[in-house]
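In the part that follows, the structures are each spelled out as C-alpha cells.
Paired with chain B in one complex and with chain C in the other, chain A is shared by the two complexes that follow.
This part shows the complex of A and B:
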C-alpha cells in the first residue's frame, strides 16, 4: 500500500476530529433541545414523544401552581440568593486578587486555600457545614447558611478570574497615575478598576450562575424553604411531568440570557476601549 | 509601584475576609466530618468518646466494599472516555479550525451548557433513555430492534451516557488552555527538522499539554466521584455510588454512617489528587 503524503493525512485527521466534535456537540445539545420541545407538549402529553399536540399547558400549570408544586417562591429565593452571592463574590475576589499582588507572607497558602474551594466536592462541604451548624445550634435557612456555603463555591472562581485579569494587566498605567500624584485609593478607583472591569463582570457572572444552579451544597444547608434546584428535585421525586421540562426550559433560557448579556457587555466595553485608542 | 505595596499590612488585611470564609465553610467542616465519624454511641453529642467502631462496621459489610470498587471503576471509565473525547475536541478547536469566527462559534457551542444547570441537563436525559424514550423510538424506527431495549434508563450505561455529556467540557477546557499557550514556532521548527507529524505530536505537543490533561482528569475525577444527583436522577434508586450512600445514611439520620462514607470518599479523592500531583506540578500552570 502506498503511504499517503503528510498533507492528505493532516486533512483526514482534521475531518475525523471535526466529525467527532460535531457529533459530540449534537450529543450535548440534543437532550437540551428535546427538553425544550417536550415542554410544549399538549395537556395529555406524557414525558416523552408523542407530544399529543402542542400547547402552553405546562407553562400555565407552572403559573397556576398549588402549594405543593409552586415554583415561584423557590425561584424568587434562588434569584435573590444568586444576586447576593454575585455581589459578595465580586467584592471578596477583587480584594483577594489585589492582596495576592501584595505578596503578603503566606500568599502561597492563601492560593491553595481558595483552590481547595473548587476541589472540595459540594457533598462534603454541605454535609460538614450542616453538622457544624447543628453543633453550634444554628437554624438552617436559605438566606444564611446556604448563602455562606454558596459563596465558598463561587468565590474561588471569581478569584481565579481576577488573577487572570491582573496577570495580563498593564502595570505602567497604574504607575503613571501614582507618579502623577494620585493616591493609591484614587489610582485604584479611577485607573485600575475600569481596566479590570471585564474581570469583575466575569466574576459576577460566575457568582450568579454557580449559585443559581447549585444543588449539593443547598441540599444539606437549606432548611424548610427550598431553592429552585431543590424544588425541581423534590418534584422529580414525586412525579415526572412535562411541568419539570417547562421549569428546566425556563431556567435554561434564563441562564443563557444572563451569559449573553455578559458577553454583550464584554464586547461593548472592548469596542469602547478600541474606539478610544484609535 | 502599584496600587498595593508589596508585603504591606494592607495586602494582608485584604486577604483576611476570603481566607476566614474559606477556612470556616470548607476546611473546618471537612475536618469536623472526620471527628464525627469517630463518635461512638448513638446520640448527637460532641461528648461522645472516640472509637473506630463505625469504620469496623463499614468494612464488615461486603456490599460497601464492592460499592467502593464499582465507584472507582465507574469513575475510571468516565475519565478515559471524557479524556480521549475532550483531547480530540480541544485539538480540533485550537489546531485544526483555521477561521477565527468558526472557532469562536464552535467553542461557544461547546462551553455554553457549562453555564446552565447540571441538574436540568441530567433531567434532560430522562426522556431520551426510557423504554419509550427517544433512543428506543429511533432504534425501532430504523429497524435495529423490534422491541424496546430496557438497558438505558435506570442503568449504569444511561448514567455514563449522561455524565459524558456533562463532564467532557471539564476534561477539554484545560487542554484548550495549554494548546493555546504553545508557540507555533515550536511545531514549525520540528517540521523544518523533518519530524513526521505524528512524531511532532508525540514528542512535542502532547508533553506540553500534559499538565492540562491531568488537571482535566482531576476535575472529572472529583466531579464524578461526588455526583450523586445525576446518579439519583437517571439511576433511580436501583443504582448507587459512594456519594449516594452518604445521602442514604444522611436521610435516615445516621450521621455517623454518613460521615464514615464521606471520609472514605474524601480518602479516595485525596489519593487521586496526590497521584495526579506526582505526574505534574500544578504550580507551573500559573507561570
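This part shows the complex of A and C:
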C-alpha cells in the first residue's frame, strides 16, 4: 500500500488536533456554561435540571440577602483583597526581577526561595501561618494575615512573568538612556518601564485572579470576616440553591470584564511600543 | 591621591597653554570580569577633536575600554579624565560623552523626534528650545520627514542617522561609537564612513570608534590604537602602523604583511642577520640591538617584494605559487613558504600576470624594506 501524500497527512493532523482543541475548550467551558444557565432557574427550580421555568429569582435572592447568606460583604472583601494583592505583586515582582538582573550574591537561593510559594501546598502554608500568628498573638483577619499568605502565593507568578520579560529586554536601551544623561531612576521611568508594561499588566492579572478565588490559603488565616470563596463554601454546607450559581455567574462576568479591560490596555500598550506607522 | 596634591583644572582657560588640552586621558585602566582580564593597563591620550580608532580582534578589550570611558563599566584600577576632569567613579549621566551602539539601541516606544530630543530633555531644557533644536538637527541629518515615525518602521540607514542625531544633539565633548556601521549594508558603509568623517571634522567633537575592520580604522582614524589580549599593542598614525608595525601581532593583523620569526645570528653595520625556518634574512636594526641568539620577529609588506630580484635584493626566497587573487588595482599572489606559512606578494598595475599558479619563483626584497618588531613580544 502506498503511503499517504504528505499534504493529506498534514490535513488529517490538522483536523485531529483541531477536534481535540475544541473538545478541550468544551470540557473547560461547558460546566461553567451549565451553571450559568441553571442560575436563571425558576423560583421552584433546584440545583439540577429541569429548571422549572426561567427567572431572575436567584439574582434577586442574592441581592435581598439575609444576614445568613449575604454575599455582598465577602464579595467586597475578596475584591479589595485581590486588588491589594495585585498591586503588591506588581511592585514586588518588578523589584525582585530587577534585583535578579543584578546577579547579586545568593541570587540562586533567592530565586528558589521565592518559588517555594508555588511549590508549597496551600493548605499547609495557610495552617502553618495561622499557628504561627496564634503563637505570636496576632489576630487573624482577611486584610492582614490572609493578605500576606495570598501575596506569598501570587508573588512567584508575577516574579516569573517579570523574569521572562526582562530576559528578552535589551539592556543596551537602558545604557543608551544613561549615556544620554538619564539617571538610573529616570532611565527606568522613561525607557524600562514603558517597555516592560505588558509584563507588569500580566503580573497584576496573576495577582488579582489568583487571590480572588483562593481557598486553601484563606481557610485558616481569615478570621471571622470571610472572603467570597469561604462564604460560598459555607453556604454549600448549609443549603444548596441556584443562588450559588448566581454568585458564580456574576463573579465570572465580573472577572471577564476585568480581563477584557486589561487585554485592551495591553493591546494599547503594544501599539504604543511598536509604533503604528510603517 | 592626585586630587589632594593639586586642583584639577576647572576649564580650558586655566590650563597650561603650552600643553594642548586633552579631551580624554586613560591612565593604566584595568578591568577584570571574574577570572578574565578584559582590559589590562590601557593608557591613551586623545587630543581635542581627534578621531581615534580602537582596532582589534573580537574579545581584545576594545569595547570594554569604550564602556569604561562611557561609565557603563567601572575600571578596577587606573584613572579616566575627560576634558582634564577626573571622572573614573562618575556615573555615565555625569560625563560629557554620548555613545552610539552597534545595533543603535533606539527606544522602540518613542518617535524619532522624541528620542532625538531625549538628551536635551535630560538637561532640562525648555520645551520650545528642545523642539527648535530637534527640528534643526533632524533637518541637518536629512531625516526631518521621519520625525513622527517609530524605529520599527525605519530602514537600517535611517536608524543609523537617528542614533547619530540622538547622540550628537547635546554636543558632547566625546562621541563613543561601538562598531557604528557594522549593522549597515555593505554598500552603505563607504558613504556613511565619509559622512561621519566630514561630520567629525566639522564639529570638532572627538570620536572614539571601536572596530575590528582595519579598512575603517585606517581610512578614518587620526590615531589608530591596535589592541590584543586586553592590551594596546601599538598606537600611532595609520602610516605608522602600516609601515612600521611594532609587534608580530600587529604585522600579522594588518593586511599585506609577511611575518617572519627567528633568532639573531649575526650583527654588523646596523644590520641583523635573522635565521628563520624559511631561511636567513638581513634586517635593519632599530633601537637597542638585540643580543645574539635572542628571538625576534620582522615583517615585509607584500608590495615590497619583487619576482625579479637583483643585487639590491639580498633577501631571497624560492617559493611555489599556490593561488592568485585579483582585486583590480592589485594582483595578490599567495606562495607556500618552506616553514609552512604563506607568503603574499602584491603586483600593482594592470600588467599581465607574472607568476602562474603552480610555478616556482624567486622572490626578493631590499634589506631596508624589512621592519624589525621592537614592541614587547608577549
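What we mean here is this: the second predicted complex is superposed on the first by the 262 of 278 C-alpha atoms of A that agree within 3 Å, B and C clash if a C-alpha of one lies under 4 Å from a C-alpha of the other, contacts with A are read in each partner's own complex, and residues count from 1 in each chain.
Note that contacts are C-beta pairs under 8 Å (C-beta built on N, C-alpha and C of every residue); 3 or more make two chains touch, one makes a residue touch a chain.
As the structure is a computational prediction, the values presented were derived from the model and not from experiment.
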Which of chain B and chain C A:170 touches, first, second, both or neither: second
First (chain B), second (chain C), both or neither touched by A:194: second
Dominant toucher of chain A (residue count), chain B or chain C: B
Touching partner for A:180 - first (chain B), second (chain C), both, neither: second
Chain B versus chain C as contact partner of A:107, first or second or both or neither: first
Which of chain B and chain C A:13 touches, first, second, both or neither: first
First, second, both or neither for A:124, with chain B first and chain C second: first
Partner chain in contact with A:261 - chain B first, chain C second, else both or neither: neither
Those residues of chain A which chain B touches in one complex and chain C touches in the other: 175, 178-179, 184
Of all residues in chain A, those that touch chain C in their complex: 170, 172-173, 175-184, 186, 190-191, 194-195, 272-278
Residue ranges of chain C touching chain A (in the complex, touch as defined): 70-72, 91-93, 95, 97-99, 101, 103, 105-109, 111, 118-119, 122-123, 148-153, 166-167, 170, 176
Complex interface listing, chain B residues touching chain A: 1-8, 10-12, 14-15, 17-19, 21-33, 36, 44, 46, 85, 88-89, 91-93, 96-97, 106, 109-110, 112-113, 115-121, 123-128, 130, 132-134, 137, 162, 164-165, 168, 196-197, 218, 222-223, 225-226, 228-229, 233, 243, 246-247, 250, 255, 258-259, 262, 265-266, 269, 273, 286
List of chain A residues in touch with chain B within their complex: 6, 9-10, 13-14, 17-18, 20-21, 24-25, 27-32, 34-35, 38, 46-49, 92-93, 95-96, 98-105, 107, 110, 113-114, 116-117, 119-125, 127-129, 131-132, 134-135, 148-149, 151-152, 155-156, 159, 163, 171, 174-175, 178-179, 184, 187-188, 192, 205, 209, 212-213, 215-216, 219-220, 229, 232-233, 236, 240, 244-245, 248, 251-252, 255-256, 258-259
